[in-house]
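So, here's a batch of structures to check.
Shared chain: subunit A. Partners: subunit B in the first complex, subunit C in the second.
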Partner chain A sequence: MKIIFTTTGLDWDSKMDPRFGRTEYFIIFDEDKDELTSYDNTAIADVAHGAGPQTAQKMFEFKPDILITGNGPGGNAARVLQNSNITIYIGAGNMTVKEAYDAFKNGKLRIY
Partner chain B sequence: MKIAIASGKGGTGKTTLATNLASFLSESRETVLVDLDVEEPNSGLFIKGELFFQTDKFKMVPKWEKENCILCGNCQKVCNFNAIIKLPDHVMVFSKLCHSCYACSELCSTKSLPMQPEKIGALKHYKTNSLNFVESKLDVGQEQAVPLISQTKKYVDEQFQKKVIKIFDSPPGTSCPVIEATKNADFVILVTEPTPFGLYDLKLAVETMRELGNKTGVVINRYGIGNDDVIDYCRKEKIDILARISNDRKIAELYSQGKLIYKDNSEFRFQLEKISDYLFLREA
Partner chain C sequence: MKEIVVISGKGGTGKTSITASFAFLANEDIVVADCDVDAADMHLLLQPDYEKSEDFHSGVLAEIDQDKCVKCGKCAEVCRFDAIPKTNSQYIVNPLDCEGCGYCCHICPTDAILMKEQNVGKCYISNTRMNNKMVHARLNIGAENSGKLVAKVKNEAKKLAEKYQKEFVLVDGSPGIGCPVISSLSGADLVVFVTEPTISAFHDLRRVYELVDQFKIQTVCILNKSDLNENISQEIQDFMRTNKISLLSSLPYDDSFTKAMIEGKTITEFNDDIKMLLEISWNQIKQIISKK
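Right after this comes the complex of A and B.
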């Protein structure tokens, strides 16, 4: 399974980014290959309007099964994500990526 | 003659001045008051008239038709406002973000994004004994005030002759809606209060109006509170102070009852006379 996290850094110890559309980075964890990759989304800071749909579209390209984030996507981003089979988990905004992954595995995160 | 009433800071008294000045001027000249604060129009709280005309207002947005679309993604590339997202198997339009520039529609090689109207709000035109009053209101959920403001100004241009005095009650701030509301005005009255907040936002408003090439003057409301920094600033920048409206409880009481101030308050009326003399004697 492929899991994508909204994060403020590039490794397991990074803090999660509670924001969806304006998240600084994504980290993508491929459980089958045990492989961690990342994507730099910091250019989104220059986008005045429509950040959510842009970030959602970028995420699509990684074809994740699971999205783990903090506050959850806004209305526009949610409309984009509805076109995918991604299951969204929220409430991990104050955790590190590792903690968020463990919380997800232990069923502690809420489905959006 | 077009007179816009604006301010940097919100809550300085734009609507109080706009409604009273328009009503006062209409006693001697043909006048129309236009509420261009379309996100929250409130001149209507003070001007009660009979509804003369109303109409819905629209903006043009693209609608995706999938039949001939080849999913080339050009529409997303040419959109400066991130209003179009191309997904692997379809195209999504976020009409609230669309600025009606037509680029996606015109540049689509398969004509899969025809433009169509979307309702954004409504315009109402009222008449009292002496005053015309036009207000527009944006629908809940609509984010863009500019198209509705420009359509409202167009309506006023078409309905009233050039010589008619048009008072535009503008939105607060210095962003796009204010620029749309104040551009091409013959004069812009900036309402401020003599406080550090008032001065800070007045400076932003003055800089914005200078960029637009608008002539400006200042009205100080709630005069008597704060300090003299606004007066010093206006003197230094050679901006005329048209009137000073006292910080008077009686004014606040009349306002809270939805009444026009100048009809019951001779000092307030005197300040309006000063503004009127400034605007019209200077012109003559």
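Right after this comes the complex of A and C.
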């Protein structure tokens, strides 16, 4: 299972970014390989409009099975994501990445 | 640190008056972010000192290099905003009509068109007369607000809240349901609707609720001018109940809102009855958010 997190930093102790479209970073955890990678999305701060769909497009490149974020994605991003097979979990906005992963494992996050 | 966003959908419901009142009641506990940048007016009540300012760039406009232009007119043909009129046998972009889509630049056979980044205004970090930090912005004439500018204002506010260990960022959200509102809502912990019993306010409230619901953010409501129209007031309350939005308070229509505004004061400094109601609402907001 490949899990992608919207985050404000690059490791397990980083705080989650509650935003999807304007998330600063992605952290990707591949459970099968036990491998943690990341993606710097900070350039999105320069995008005036349409951050959601643009970030969604980027995220698809990592081919995740699960997305863990804070709030739900906004309208346009949500429409794009609904057409994918990615399961979205929300409610992790105020956690660290590690806490968000544990919460997900313990069934404590809501499905969007 | 938690983020509280106040929105209304329709303008004129009292959103900024009430947000400024919360800023007054909370004083040092919060950082205020004015994301209603198109028509920013909270500074009139909070009187910030414009301590720091920074130019803000957003969006691009097309510009044609006349030396490279072969006058083929393809750019004018594809421009759906009719922003490239031919004047004195030259194609010149009218900056007021250009939307910055970049189609002309894309099809120009001689690469004569550049998309230039625009300085759209200034972003400020201030101290208000209530001693809260405030982040706000001022757009140049004709410049438009964007998700980017709202995100910038909110980010600066969050950084300040972290630096000075403030409990809350209080955001005066943008009107409507477009990009700036989406950016206002993104990352919020609690949304406060400020509405009034008029047909247009209720209509816009339902539209903006759809957006908030998509984000799955907990929402509360303040019904302002609640005695303007009993029927619509009842309809709004039914809508709140159906969608599990708790009604924090119903405020009466009161001239003192306008009088306070004219004197550059918040309503809480002007009318003790309304101050009491808003104090209760603010305490409820703090309670709800601390449980999250």
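Note that the second predicted complex is superposed on the first by the 112 of 112 C-alpha atoms of A that agree within 3 Å, B and C clash if a C-alpha of one lies under 4 Å from a C-alpha of the other, contacts with A are read in each partner's own complex, and residues count from 1 in each chain.
Everything below uses one rule, namely that contacts are C-beta pairs under 8 Å (C-beta built on N, C-alpha and C of every residue); 3 or more make two chains touch, one makes a residue touch a chain.
Bear in mind the structure is a predicted one, so any value in this text is a computation, not a measurement.
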Partner chain(s) touched by A:F60 [first = subunit B, second = subunit C, both, neither]: first
Contacts of A:N83 with subunit B and subunit C, given as first, second, both or neither: first
Which superposed partner A:T42 touches (first subunit B, second subunit C, both, neither): neither
Subunit A: partner with more touched residues, subunit B or subunit C: C
Subunit B versus subunit C as contact partner of A:R22, first or second or both or neither: second
Subunit B and subunit C footprints on subunit A, overlapping residues: 47, 49-51
Partner subunit C, residues of subunit A touching it in the complex: 17-22, 45-52, 70-75, 78, 90-91, 93-94, 110, 112
Subunit C - residues contacting subunit A, complex: 2, 58-59, 146-149, 151-152, 155, 179, 182-183, 185-189, 211, 214-217, 292
Touching residues on subunit A, where the partner in the complex is subunit B: 47, 49-51, 53-54, 56-57, 60, 76, 79-80, 83
Subunit B to subunit A touching residues, read off their complex: 81-83, 85-90, 92, 94, 97
